[in-house]
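Below are two complexes that have chain A in common, paired first with chain B and then with chain C.
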Partner chain A sequence: MNIIEINKLTKYYGKARGIIDVSFNVKKGEIFGFIGPNGAGKSTTIRTLLSLIYPTSGSAKIFGKHIIKDGPEIRKEIGYLPSEIFYYDKMKVKDLLKYSASFYKKDCTKRMYELADIMELDLTRRIEDLSYGNKKKVGIVQGLLHEPKLLMLDEPTSGLDPFMQKKFFDLVVEENKKGTTVLFSSHILAEVQQLCNRVAIIKEGSIVKIEDIKKLQEDHYKKIIIKGKDLDVKKFNIPEVKELVKNNNELSFFYNGDINKIIQTIGSGIIKDILILDPSLEEIFIHYYK
Partner chain B sequence: MNIYLYEVKTYFKSIIIWSLSILGIMLMFMSFYTSFASDAALMDKLLQNYPEELLKAFGMDSGLSISSILGYFAMIFLFVQLCAAIQSANYGFHLLSVEERELTADFLMSKPVSRRKIIISKFLAAFTSLTITNIFIWLGSFGSIFIFGGGNTYSIKNLILLLLTTTLFQLFFLSVGMIISVSIKKVRSVLSFSMALSFSMYIFNALQSILGGEILGILSPFYHFEPAYILKNGQYNMPMVAISIIVIIVSLASSYILYLKRNILSAR
Partner chain C sequence: MNVIKRELRAHLKALIIWSICIFIMIMLSMSEFSVYYNNPELAAILDTMPKAMLKAFSINSANLTTVSGYVSILSIYFYIMLGIHAVLLGSSIISKEERDKTAEFLYTLPTSRQKIITGKLVAAVINCLILLGVTCLAVIVAILKYEPGETFFAFLKLNMLSIFFIQMIFLSIGMLMASIIKRYKKSGSISVSILLGTYILSVGISFSDKIEFMKYITPFKYFEPLYLLNENKMEGVYIIISSILILICLIGTFYFYPRRDLRI
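Let's look at the complex of A and B:
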């Protein structure tokens, strides 16, 4: 069963592109990654699904209902964490969360305290006194306290330290096990690989690819940079190496294959320095999704 | 209901400040009335020596003697109207633009509420707040006249007629503020917008008094609900009141339609 069905959704801001012909489905119970560089249209898609903005053309359904006509009905079961968090500054955290809970026709108090406890959030402070990371925590609690059936997370990890990030991921996985479907937008591939079942890749407003995460993990590219004098370029002319570039005393390339093999190849020469990196999303787009 | 209550709470401080200021203005100005009235003849004579245009601009040319209670009160009420105009315009420009300016729209609108419910709740909250201020205007008017009126008689009916117009007067600025704020992309500073609206209306009316003719007056609620006219004649300038009512209805209806269709901008 599909929780989200998006059909040729297009949004222009005046003449500026938002998204063009975006179509994909999110199945019940999956964690669906939505990945692309900044400005690719991730937030536009999510905000259209929430009827914050209206599509220029195309349509979308959530829980089988029309996103605009049945908006308020749909949003009863959606938890949303915006990418930029802003709340009523003068309010105390607790009052904001209570205000948030008052929109749902159920008692969210218990879950609210549980979540605040997990995220180590101080409920007595004023919103305006909180750091960015702490505001993000308020956003997380606010998005989860009514136990929604669908979670829309728009770049949820920015501003969270690695420790909180882990707690948050655990929380998302736990919710997912209870049956919550998750739409997880990010520009960091590693995050998405860690959590998601499937991903849609968006670039310049259009969906480039929708893929199983397993497939993406098979293609486990590493970016390798070696420094040293008299590097032998010929040794690296093997099929697993792509985009080989030699630059003075530096050699860089992308590698996809047995890591032992390349280490031996590198070790057979004399080198000064070595860097093994996860390629950035942009590099994957440039070299992999050409 | 939760949005309405939240909104009224956020207006609370502002209601208190405006209401007390208006009350203060009325009491302060009325307290000078006793000395005015004791030299009534002298006062009227003094004013005759002022240029006619100046008197007109301050609404002192109605034929009501400035030394009579209502003649004096008409002048004060113009200031009260100016305060009410700024307050109402403030709320009007604020209420639909605040979520976008302070980027809290993503919070409110991702909740299971319709835009319809949001705009109606917000409008009613602002209207409630203005009505509370209005109550203070009534109390201040009767109170200050009672305290400083020196027992002189005046037409209570005419005063009530004037006070009854306050609601429409407030709604005019509230609704015009709303329609302007949803017609433009972003209201960066509420106060500059509301000051511009209320003072330009005030000046239109002043110019109308000096230059004569009704064209400039058509634009301004200060003319539609001119205190001196109502207090002197005991009736409304009906065609002008009708214009105000039409502006209010059209502004509210179009704000509603535009707000329902509006694309809510995000931080970026």
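Let's look at the complex of A and C:
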């Protein structure tokens, strides 16, 4: 069952590109990574899903309901953590959280204290006195206190120290085990790798690839490093080879194709050493952005 | 309900400051009245001044020396002050969520934008009513020692009702501007410009009969204090125009704001 269904969602800000023909589905119970550099359109996609902005064309459904028409109803079950947190400066943390909770038709008090406890958040302070990281904590508590069925996290870890980051990840995983679906946007690949089942890669407003995180690492590309004297670069100029770099007595490249063919190609040279590796997600990622 | 409470609290400080300013302003200007009260010599001086100028400031010799007359002269300043309050309130109560970037919090809560701006509208109207109450109270307190009669209170009632109309007109204009102007930072200054522009127009109309037909587009001409004082009623046509204007602005707000791309 799909929790999020996005169909050719396009958003232009006047003439400026936001996102173009973005389509992907997020299944129930998965942690779906959404990666791309700043300005690629991650936040635009998420804000469109939340009806903060409206699509130029295309449509999307959450819980099988229309994002605009059924917006208020959908949002009952969504927890949203924006990349930058802004609240009413003069309010106390507790009042802000209670205000937020008052929009959900259930008692969130218990969960609010639990979460504040986990995130070590002081509820008595004013929003304006909080550091960036502490505001983020308020955001996490606010996003989770109504026990949502779908979590939308937009670059959630910025501003959190590694210790809090781990606590937060544990929290997300715990929620996920309870059945919460997670859309996790990030430009930090390690954290996506750590948490997500599937990822969508977005580049300049368009989805480049949607794949299982394992498949993304296992399939397709191998990173090959050959060491030896007088290596012939020319013979590696075949379509399957990408990112060919020659460095003194070392050749490195990414290979996507029949492994026998490349073994044959390499075999006819003078080789001292050979390494065939699974590329890291970082390397795959960089590749998609070339 | 939660939005109304939140907005009332958020605007409490500003409301208190406005109330104190209005109260002091009224007290000061009423204390000046003791000079004019029952002073026929002053009335004689006024008679020598150019008619147009007096008209522009809604003054004539008959009214400066009576309680009702004096309050009627002050009325135009009530219109401007409470109008500015209302137009700024209307504009900021809508645009502040984008200005303070809290829109991303408020409008991702499980409620519609219509419901939130309804709450904001109610809170703004309550704010306007409180400020109007303070104005009314200040006038009564300041005037009490002159032992005003029934005619004064009849006029005061009409006067306050007129101010309320002015407030609602400018409140709704402010809200509409904040809803349709893409650059939310400008909505406040544009709203105030509309208010000052219409005021200047109303002064211009007093000077020149040629542009008298424009009286329908400036709210400051709708409830002229002298008319209220002399006729002891409001002009029906302006009540209708005002109501339509308020309605159009509010419908516009409720139509455009929910369809707006929020700037975050």
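Note that in this section the second predicted complex is superposed on the first by the 218 of 290 C-alpha atoms of A that agree within 3 Å, B and C clash if a C-alpha of one lies under 4 Å from a C-alpha of the other, contacts with A are read in each partner's own complex, and residues count from 1 in each chain.
Keep in mind that, in the parts below, a contact is a pair of C-beta atoms (placed from the backbone, for glycine too) under 8 Å apart; a residue touches a chain by one contact, two chains touch by 3 or more.
Given the structure is predicted, the values throughout are model-derived calculations rather than measurements.
**Student:** Could you classify chain B and chain C on chain A, in the superposed arrangement, as clash or fit?
**Tutor:** With chain A as the common anchor, chain B and chain C collide in the superposed model.
**Student:** Go through the superposed model and pick first if A:71 touches only chain B, second if only chain C, both, or neither.
**Tutor:** So A:71 meets both chain B and chain C here.
**Student:** First (chain B), second (chain C), both or neither: which does A:100 touch?
**Tutor:** Both partners, chain B and chain C.
**Student:** With both complexes overlaid on chain A, does A:114 touch chain B (first), chain C (second), both or neither?
**Tutor:** After superposing on A, A:114 lies clear of both chain B and chain C.
**Student:** Which chain A residues come up in both lists, the one for chain B and the one for chain C?
**Tutor:** 13, 47, 50-54, 71-76, 78, 80, 82, 84, 86-90, 99-100, 102-104, 142.
**Student:** Which of the residues in chain A come into contact with chain C in the complex?
**Tutor:** 13, 47, 50-54, 71-76, 78, 80, 82, 84, 86-90, 99-100, 102-104, 142
**Student:** So in the complex, the part of chain B that touches chain A is made up of which residues?
**Tutor:** The touching residues are 2, 6, 10, 102-107, 109-114, 117, 261, 263-264, 266-268.
**Student:** Can you check the complex and tell me which residues of chain A touch chain B?
**Tutor:** Those in contact with chain B are residues 13, 39, 43, 47, 50-54, 71-76, 78, 80, 82-84, 86-90, 99-100, 102-104, 142.
**Student:** What residues of chain C sit close enough to touch chain A in their complex?
**Tutor:** Of all residues in chain C, those touching chain A are 2, 6, 10, 100-105, 107-112, 115, 259, 261-262, 264.
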